[in-house]
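Everything on this sheet refers to the single structure shown next.
Letters are used for the chains, namely A, B, C and D, taken in the order the chains are written, and counting of residues starts over at 1 for each.
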Amino acid sequence: MGVLTDPKPRVKPRNAAGGQAHPSGDPRFKLIDRTLKRFSYQQDALIEVLHTAQEAFGFLEDDLLVYVAHQLKLPLSWVYGVATFYHFFSLAPQGEHSCIICMGTACYVKRAAEIVSALQAEFGVEAGNTTADGKLSLNTARCLGSCGLAPVLVMDGDVVARQTPEEALARVRELLLGAARTPEAMSELTPLSATEA
Amino acid sequence: MPNRIEPIHPEPTLPGAKVVISNAPKVRLATVWLGGCSGCHMSFLDLDEKLLDLAELADLVYSPIADIKEFPHNVDVALVEGAICNNDHLELARQVRERSKIVVSFGDCAVTGNVPSLRNALGLDDVLTNVYHEGPGKAPHGSADHVMPQLLPKVLPLHQVVQVDVFLPGCPPSPERIWAAVSSLIVGDAVILEPAMRTFG
Amino acid sequence: MAVVTLTINDELVSAQEGQTLLSVLREHGIQLPTLCHLDGLSERGGCRLCLVEIAGNNKLQPACVTPAVEGLVVRTHSDRLVKYRKMILELLFSERNHVCAVCVMNGNCELQWEAAKVGMDHVRYDYLNPSLPVDASHERFTLDHNRCILCTRCVRVCDEIEGAHVWDLMGRGANSMMIADLNRPWGESQSCTSCGKCVQVCPTGALAQRGSSVAEMEKQHDFLRWILDGREKNVWEYTDAKSN
Amino acid sequence: MNRADLAAMAQREQDRQDAFRCRVLCCASTPCLSSGGTAVREAIEKAIKDGDLDADVQVVSTGCMGPCSRGPVVTLKMRGAEDVVYEQVTPEAATRIIQEHVAKNEPVKEFVFPNDAPFFAKQHKVVLANSGQIDPESLEDYVARGGYTALAHVLREMKPDEVCESITRSGLRGRGGAGYPTGIKWDLVRKSQSDKKYVVANGDEGDPGAYMDRSLMESDPHRILEGMAIAGYAVGAEQGFIYVRGEYPVAAKRLERAIRAAERRGLLGSRMVDSQFNFRIDIRIGAGAFVCGEETALMASIMGKRGQPVPRPPYPSQSGLWGKPTLINNVETFGSIAPIILNKAEWFAAIGTDKSKGTKIFALAGDVNTTGLIEVPMGITLREIVYDIGGGIPDDRAFKAVQTGGPSGGCIPAQYLDTPVDYESLRALGSIVGSGGLIIMDERSCMVDVAKFFLDFCADESCGKCAPCRVGTVQIYKLLDKITRGAATLADLETLRELCVMVQETSLCGLGQNAPNPVVSTLRYFYDEYEAHIRKHKCAAGVCALNEKPMSPAVVAPPRPKRKVARLDELEAV
């Protein structure tokens, strides 16, 4: 059980003085540094640091993972293993727009799978991927916790309730044409901003 | 050294043919060659002098080494070599099952799919394109030309298309293994193989 | 250290307190199949082949992580356990492309041999036949994902003995895969010391010496005991067995 | 802050609220907002401004009020009158509510959701008592409703063992799924000797079709903090973690704010509530892995690792986070603590059934007229939930099954609608209470397809550590898929059943051990449906394509030889 429950970090974490800043000087690395400091460079803060990194950069590119690994003095494969274990982390850039179809039980019972197939067919992209032109990322979610409104979609952060495949298609087309957001646009579902966390 | 791997090929322990000459009719034995390299049949031929013992007890009623066109009825034991790769294999396998009392999955291709099944990971279209349409010896596509049997989407082990009674793994099964199984089967005994006699590969 | 008494398959057996059940069983000549366990590495409890029945516990327990405690009543080869071991091996064989006939480890492979021992002579489930790469970028070794059973012996030996932690797993579930560093070709790994420990502990043909052809690869786990004896007991006996 | 300060704070807030003639509570939880809640709130504020009612009326954004499918929901609290709940409020309706009800005291009848409707009448709110009633971002609002007095009481009047004993007496059982007695768990951690201990609130609600925890964290965050602090005191821990599912940013934000507010007022942190006790709470955000609901996987995740479980024992109560004794409870369990302390264990134990005490929150969803979040006494029947609270099946279609417990649960058919909902009864039916998702399915759902849905989920969420779960779930899924494609034989059904039992018994953690449950329970109650797929190529619900044929035709068993030739596997089973 050594690997998993080893209570002591393998390398003594450095103190808040921190490691070398990223050579690129990209200001977004400052956000990562802030989280690193908040957790005193402890190795068990890896997931928190990756959250911050993904919020700042949109996805986790290799350079970013190397930076995090070096700062926390963790093996590269360890960091990569963690980043790929969790569905929340994305190692590829996301499209300009995103459409997430909830495939939770309630939505499934209300035939969300038909919406997925309709969107996949229309935009020629498998769920979990981004269209070749980088315009649209199509994803499914395991449950967005809005089961009362099934089937539910999230388009660019807006929850859209009780959709039929036709409605969903129309909405995504609108989205891609850059039409205005739905009036119910909600601040509630935007991700935690890095500074607030 | 608890994890030391024990030798896999100890001295073969042959049960020995319980050859009793009797007036009973001979066992009707068949061997079938589906999607495989015929290595199992080669190993079968390596039974050497045991083949003579076998001939005392069994008639070979169908085999690639005997010129018989159609798989006969009322076969007692059928050894089937090879995986199910195409429609012809499928059809023949079903016929063998219908007409035989005991069907033996003979060798790794029949038991696991083995080397023929390596194509499964690639997908049928890719295989055909790479090998037959773009490769050096362009050949007609199965579905377009009815002379060629149509390939199945996936290569399957024998037991996934018909019921199999005895499994005899090995690539090929050694003559010792074959004899251990066949000598039991033709006298109506159950096939019992030691661990070292039933490894894949 | 205290001595405890347990009942194994209706026979009383004594053991050191704190010893794992698996080592007690092996001391008494009771063989259980194992794939993720390797003497000298931390335990994982993942392959589930060494599961045993323990009286009063309605869940099967892996012998490799269960400590021997006073009064334990253990059964190791019930019909159910024998059947489950066979089924687990069927699942492992169905998962990736274990084509023994064309594998470097043919004839020396732990997976192949465990299957033969429990009598798993055919797989009833559909073969999944995933399309997996072979990494031959390292100058001395090769990694064939088609043969990997995700036992993580390589991950553990690299982390715990060599201290390099080149290997880890990426992804999860059936999509898990061994990776070196940031999922780079092994030959480009900057952390790999090319020590070859991972190759020696791998139970299958997933990790092999470069240049091994079918059935040519043999493995030696001995070095592990040798290193650990040296580290823990300061005994560096160099016997014949270890010099090959 | 001491107890007097706390009482003073409560009084001040109460006075402030009483100063308004009317308080308008707008549900600001996700379902209501996505039904247009924001526009409703804007209309209300505009109408108040237009009507010059600013001084008289307070508008408050609250957490979930319950009937999510009837959102946006607005509750009107007029001084000296009963609360009035408005459903499906449009901006126009909102304006009318202010102009007619608030200004002239004439309720807008067509939008009123009657208080005596079974949806409300059959519920018993203990944990959700504040949800939809308070502003989740206001510590004062929570304190005004008695918040933190349980904590203050415990710190001053009770010894740790008394707290554990009290929780044990209440009969509270873990609300995360397994139903382990909470008090006993607390006592185990309390008795473990260690320099450090930890308390963890499991808010990684991964069951698809369940959102009780999200709603509770979003609607009443302080209640969870208070429960955790009491637990910390009882077991001797000074550090707590709340593990919040990554998909719930709002919950994380509100909990973060709540922690800050409580720390500022000395209700958390060092020497809290004027005592010698210190307790800090930190938030950890999950990153999308269902398996992290399993306690050892959750701990691995808190420690920044791949969320893979480790074999138990040792249990977390002996060796958990960083090898220290760790108490892990679901957030709903922590939400039940303060009411138990305040109202005494006997009060809680009087609710519910003999073995399952208290109330349980369920997320009611699927083919039912009113979906939403409900809290009911344990022992209520499924029929009452579906037909009274949920208002029955839409368009009078036939009820087919209720799926409880998510991917670890099972499907319960119509003949068991009168079963009381408690841990033992549902387990006897091959399902579990689980975290509390209730998905109602009518005749348009195919049970094979539903089982397939859950296995797809489990195969995807399997961590991959142990072989039976990693490969077994995939193979079970493939067998189910074969059935829905029409390619299966009856032999496959046997293989399926055998494989399910094996995966249940050999998997390392709860995910694998329970993953086959949806298959096992549907095989038990809907076997004829499986059979119809295979024998007749028929899917009654019309969901499955069934456009393939089996590879192996039904083999007519050949006559066996006189002496039985056993198959190797039969002979080698020794």
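In the analysis below, a residue touches a chain if its C-beta (ideal position, glycine included) is under 8 Å from a C-beta of that chain, and two chains touch if they have at least 3 such contacts.
From a predicted model like this one, the values you see are computed outputs, not experimental measurements.
Asker: Which two chains have the most contacts between them?
Answerer: A-D
Asker: Between subunit C and subunit D, what is the separation of their C-alpha centroids in Å?
Answerer: 39
Asker: Subunit A to subunit C: how many Å between their CA centres?
Answerer: Subunit A and subunit C have C-alpha centres separated by 35 Å.
Asker: Determine the centre-to-centre distance between subunit B and subunit D, using the mean Cα coordinates as centres, and give it in whole Å.
Answerer: From the centre of subunit B to the centre of subunit D is 55 Å.
Asker: With chain centres defined as C-alpha means, what is the inter-centre distance between subunit A and subunit B in Å?
Answerer: 52
Asker: So which stretches of subunit D touch two or more other chains?
Answerer: 289, 306, 310-311, 461, 463, 568, 571-572 - these are the residues of subunit D that touch more than one other chain.
Asker: Would you give the residues of subunit B that are in contact with at least 2 other chains, written as numbers and ranges?
Answerer: Correct list: 160, 167, 198.
Asker: If I count partner chains per residue in subunit C, which residues reach a count of at least 2?
Answerer: As it turns out, subunit C has residues touching two or more other chains at 44-45, 65, 119, 121, 124, 126, 169, 171-172.
Asker: Sort out which chains touch which and give me every pair.
Answerer: Chain-chain contacts present: A-C, A-D, B-C, B-D, C-D.
Asker: Which residues of subunit C touch subunit D in the complex?
Answerer: Per the touch definition, subunit C meets subunit D at residues 44-48, 51, 59-62, 65, 77, 79-80, 82-84, 86-88, 91-92, 94-95, 118-121, 124-126, 128, 149-150, 169, 171-176.
Asker: For the complex, give me every residue of subunit B touching subunit C.
Answerer: Its residues touching subunit C are 1-6, 8-9, 105, 108, 111-115, 117-118, 120-123, 154, 157, 159-160, 164, 167, 169, 171, 195-196, 198-201.
Asker: Quick check: in the complex, which residue numbers of subunit B touch subunit D?
Answerer: 76, 94, 97-98, 100-102, 156, 160-163, 165-167, 185, 188-193, 198
Asker: Over in the complex, which subunit A residues touch subunit D? Could you list them?
Answerer: 1, 4-5, 7, 43-48, 50-51, 81-82, 85-89, 103-106, 108-110, 141-150, 152, 158-161, 183-186, 188-192, 196-197
Asker: How about subunit D: which of its residues touch subunit B in the complex?
Answerer: Contact set of subunit D toward subunit B: 551-553, 555-568, 571-572.
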